[in-house]
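I am attaching a structure below and will ask some questions about it afterwards.
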Amino acid sequence: MTPPIVITVRAPDGPGLVSDIAGAVAGAGGNIIDVGQHTDLSTTGFGCRLEVEASIERSALAEQFAALAQRRELAFEIHDSKERPRVVIACSKTLHCVSELLSRVSLGELECEIVGIVSDRTDAGEVASRYGIELTHIPVGEDRRGQEEAFSEALGRLAPDLVVLARYMRILPPEIAESWNGRMINIHHSFLPAFPGAGPYAQAHERGVKLIGATAHYVTAGLDEGPIIAQDVARVSHRDAVADLVRRGADIERSVLSTGVRLHLEHRVMVFENRTCIFD
Amino acid sequence: MTPPIVITVRAPDGPGLVSDIAGAVAGAGGNIIDVGQHTDLSTTGFGCRLEVEASIERSALAEQFAALAQRRELAFEIHDSKERPRVVIACSKTLHCVSELLSRVSLGELECEIVGIVSDRTDAGEVASRYGIELTHIPVGEDRRGQEEAFSEALGRLAPDLVVLARYMRILPPEIAESWNGRMINIHHSFLPAFPGAGPYAQAHERGVKLIGATAHYVTAGLDEGPIIAQDVARVSHRDAVADLVRRGADIERSVLSTGVRLHLEHRVMVFENRTCIFD
Amino acid sequence: MTPPIVITVRAPDGPGLVSDIAGAVAGAGGNIIDVGQHTDLSTTGFGCRLEVEASIERSALAEQFAALAQRRELAFEIHDSKERPRVVIACSKTLHCVSELLSRVSLGELECEIVGIVSDRTDAGEVASRYGIELTHIPVGEDRRGQEEAFSEALGRLAPDLVVLARYMRILPPEIAESWNGRMINIHHSFLPAFPGAGPYAQAHERGVKLIGATAHYVTAGLDEGPIIAQDVARVSHRDAVADLVRRGADIERSVLSTGVRLHLEHRVMVFENRTCIFD
Amino acid sequence: MTPPIVITVRAPDGPGLVSDIAGAVAGAGGNIIDVGQHTDLSTTGFGCRLEVEASIERSALAEQFAALAQRRELAFEIHDSKERPRVVIACSKTLHCVSELLSRVSLGELECEIVGIVSDRTDAGEVASRYGIELTHIPVGEDRRGQEEAFSEALGRLAPDLVVLARYMRILPPEIAESWNGRMINIHHSFLPAFPGAGPYAQAHERGVKLIGATAHYVTAGLDEGPIIAQDVARVSHRDAVADLVRRGADIERSVLSTGVRLHLEHRVMVFENRTCIFD
């Protein structure tokens, strides 16, 4: 079956909006098979995601929506499911997330092309070569600023549609975060906003929590403060030492990050201020 | 804040349907705040649930939809949130579900009026009197058939909009199930279709499962085979004897049944063949 | 079946400890049916909970353990399951937790006697009278200090074995928290340490989290910082307004608090510094 | 830190048993850091798993337990954590489970050596060569019996300590199942006992369940009837077509199978009749 055409629309909320959008699809002869819609009450912003049967002409759709965008304030995107987005993975010493992403791309579970791995360390060499992906090693040394610039340049050269920080353990300077706004996903190894920053599992053990978690979020200038895409938790007990929390947490991290990346690639995430709306 | 007007629509799927429905709301001057939509691929049936701001005239909405129903095949309901549905609870010896439902109604979590409790036993007497609800006791004795008829008559007399079997341990004859089709919810104390029928916790213990569950479903003529509204599970271990499974299971039963009843009362459940679509 | 005898033991960890404890039970002719054991690595403290078949003489057990306590440093308790602990519930305006606890005690799910409800408001009057429990109303007015003293005196007069803060919305002064150390359980309506203090659901909505939680913990002088007994979470989405988070959260609060109270009543909780060990 | 010595013990339950076992460890100068114990009430069988600090002489431990085994009926095993168990993976067309296992072994999350992959198809060729593992292809053709014999011979030649059926889609004849009794783990892609046999996701969609699951279990002669080691579920909705259930299910399958294999490799699973006891 041909995958459906995905249309995303953002607009200020107002009467007749859903009707107008549905009318634009109907005007192009399209049949809506799935619609997700959200009105954000804080911003009175409206967003929706439509799946339309692929049998119709894309150009007819584009014309209809362009015409609509002249009549009322509205931004739309018509996504082509045939283009595979380019993705760069950044990682450091811990490799279960990068291994998971590569495994899922190779299995066809994530529809994208991994165009490179960037790391401040060489640990990922084996897993990168296993999948035939180039590893760009950007060591830190004494010049932190230089490393950041080289990191930024490497991303620029690889020109990805999405950057995934898969346990990349260096804090990015705000200008990098900002230049990849909405196109950079990080996995934080705690249930944010609990335990931001370094050593969350040690913090969680110290506090004696009964559940640990992981959070996939868009990167913003504020550390671990960007819009949350996906979260999950696992049950732990007093029997679990910090090392056990790390092991149990790894399972959540890999699944939460994979989910976050998949939702992004399928155009299911829309950000209103600092909150995501997930069309699933 | 005035609660929104809820509209549910069913129709055969077809081009322009969403557009037409949204147009009907717009035509009445209404603003859609929430929409859930589903196309059932097996039946090509379409259903949707709309929440519309309560500021508009209900009669204008009704007119618009009536006009639309003349143009295309379509069934709609406009629900009045001010009428509290009448609910009858049936139970037997085990009382945590009936106690939970009564507690939630008294707290305002379930918007309905409990108009009576019907039981084949007298155990529920105390909990019924605690909440000032009449208990109709219909003992079984030797005449099973007579008990079923008396049960059916009691329901007829109480004239509920919904019957909730809250651990009522008698199997209903098909004719009762059919006459309350879509208006009778049962809690089964297992994760259906695992362990249907009697003694599911003993079966679960014997099989050595690691999770136990509960299922809220509409009652149909086939035992424990009706459309599933809500399910949940809890983790168990080898340390749990049958009595522990019963205790842990009780927690899931009460929350799953409460959820199922709430979804029904809020017009969030639509049945396509033997599957439910939940607009939540 | 007679419920087993529960023995809890604390001691500094050391070789032969388990052997000695098991030997004491064997010396009294007892058969161990369940044992939970924990060594806290930070404190090198050891704790265990034993269930012993009730057929033996309790005095023989006591003698054996007393003799052991003379040979090595060790504190033990032999719990009599026939005495029902006295419990006081404190609450304010929100009543689902108090309603849940009363329902569960009446169903026999929590083995204790509710000897009183204490509140800074009168809202709980109806639920208290429904179960025939006395409500002690201690209004706040202008004299915060006076209210705190009256609250403390009310607890003293009711002489409970356990105080449960079931959404009691006043912050207790440190001296009250300390005087009920290890005998006062609070439900906090967030997944601690995320969102401590006031308005956690509003905070959670603002942050855009995908899961909300609840935490049952012992009360200490530090606000929301005491040892955690039980936690759970529920999935939420962008569709949930603050009011929806409150409603979904209520379901977790009632089950988490009930679990925390049950674990305490069954002598399944042991505190090492600020972490609990749960023998379940 | 040197990993602890793991001792597993099975015996008929009886007074003084825990005391005797703890005494044997103490007699060898060992310090117990963790103990899990279970008495199976149906069989009155007793089992326990001890972790003892690795500083002591293994031979002293063996002597103590051998002496104990002469005094009372008792079977024990002292596991050497330095020997990496040999594991064979069998798979067919679906590869996410085999990919997951290989990824986890390479990351050090599963302490074993994958000595070969056996398949009735060639699909796993790429993933096998990625990790440098030999793939033994045993096609089916017209001679089902011959394929089964070749499969059995391949296992015999590879001489694994454990066989993992990672979505191997052929039903094994009872004699193979029996000859690997307790040493062969299968992942079934449903929450057993719901939906045994073929096409569980299609069955789950047809029934309209709200949760789907996966089950890791030991293989026995009865199809999908062996002792359950691990199970988990994921929430699904009416929006999920069969293909979505397959995708969501894959995430549970990989984690449940990995958990089951890890528990087995760490000697945390003990079977009593058809139920497992998990020491975790």
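Assorted remarks:
The letters A, B, C and D name the chains in turn, as written, and every chain counts its residues from 1.
Everything that follows uses one rule, which is that a contact is a pair of C-beta atoms (placed from the backbone, for glycine too) under 8 Å apart; a residue touches a chain by one contact, two chains touch by 3 or more.
All values reported here derive from a predicted model rather than from experimental measurement.
Following the contact convention of this document, B, D is the list of chains adjacent to both chain A and chain C. Of all chains, B has its CA centroid at the greatest distance from the CA centroid of chain D.
Across the two candidate interfaces, B-C and B-D, the one carrying more C-beta contacts is B-D. If each chain is reduced to the centroid of its CA atoms, chain B and chain C end up 34 Å from each other. Taking each chain's centre as the mean of its C-alpha atoms, chain B lies 40 Å from chain D.
In chain A, the positions touching at least two other chains are 34, 239.
Chain A makes touch with chain C in their complex at residues 38, 40-41, 191-195, 206-211, 213, 227-233, 237-239, 241, 272, 274-278. Considering their complex, residues 34, 95-96, 99-100, 103, 106-107, 109, 126-127, 130-131, 239, 247, 250-251, 255, 258, 280 of chain C touch chain B. Considering their complex, residues 13-16, 18-19, 22-23, 25-26, 29-35, 37, 39, 235 of chain B touch chain A.
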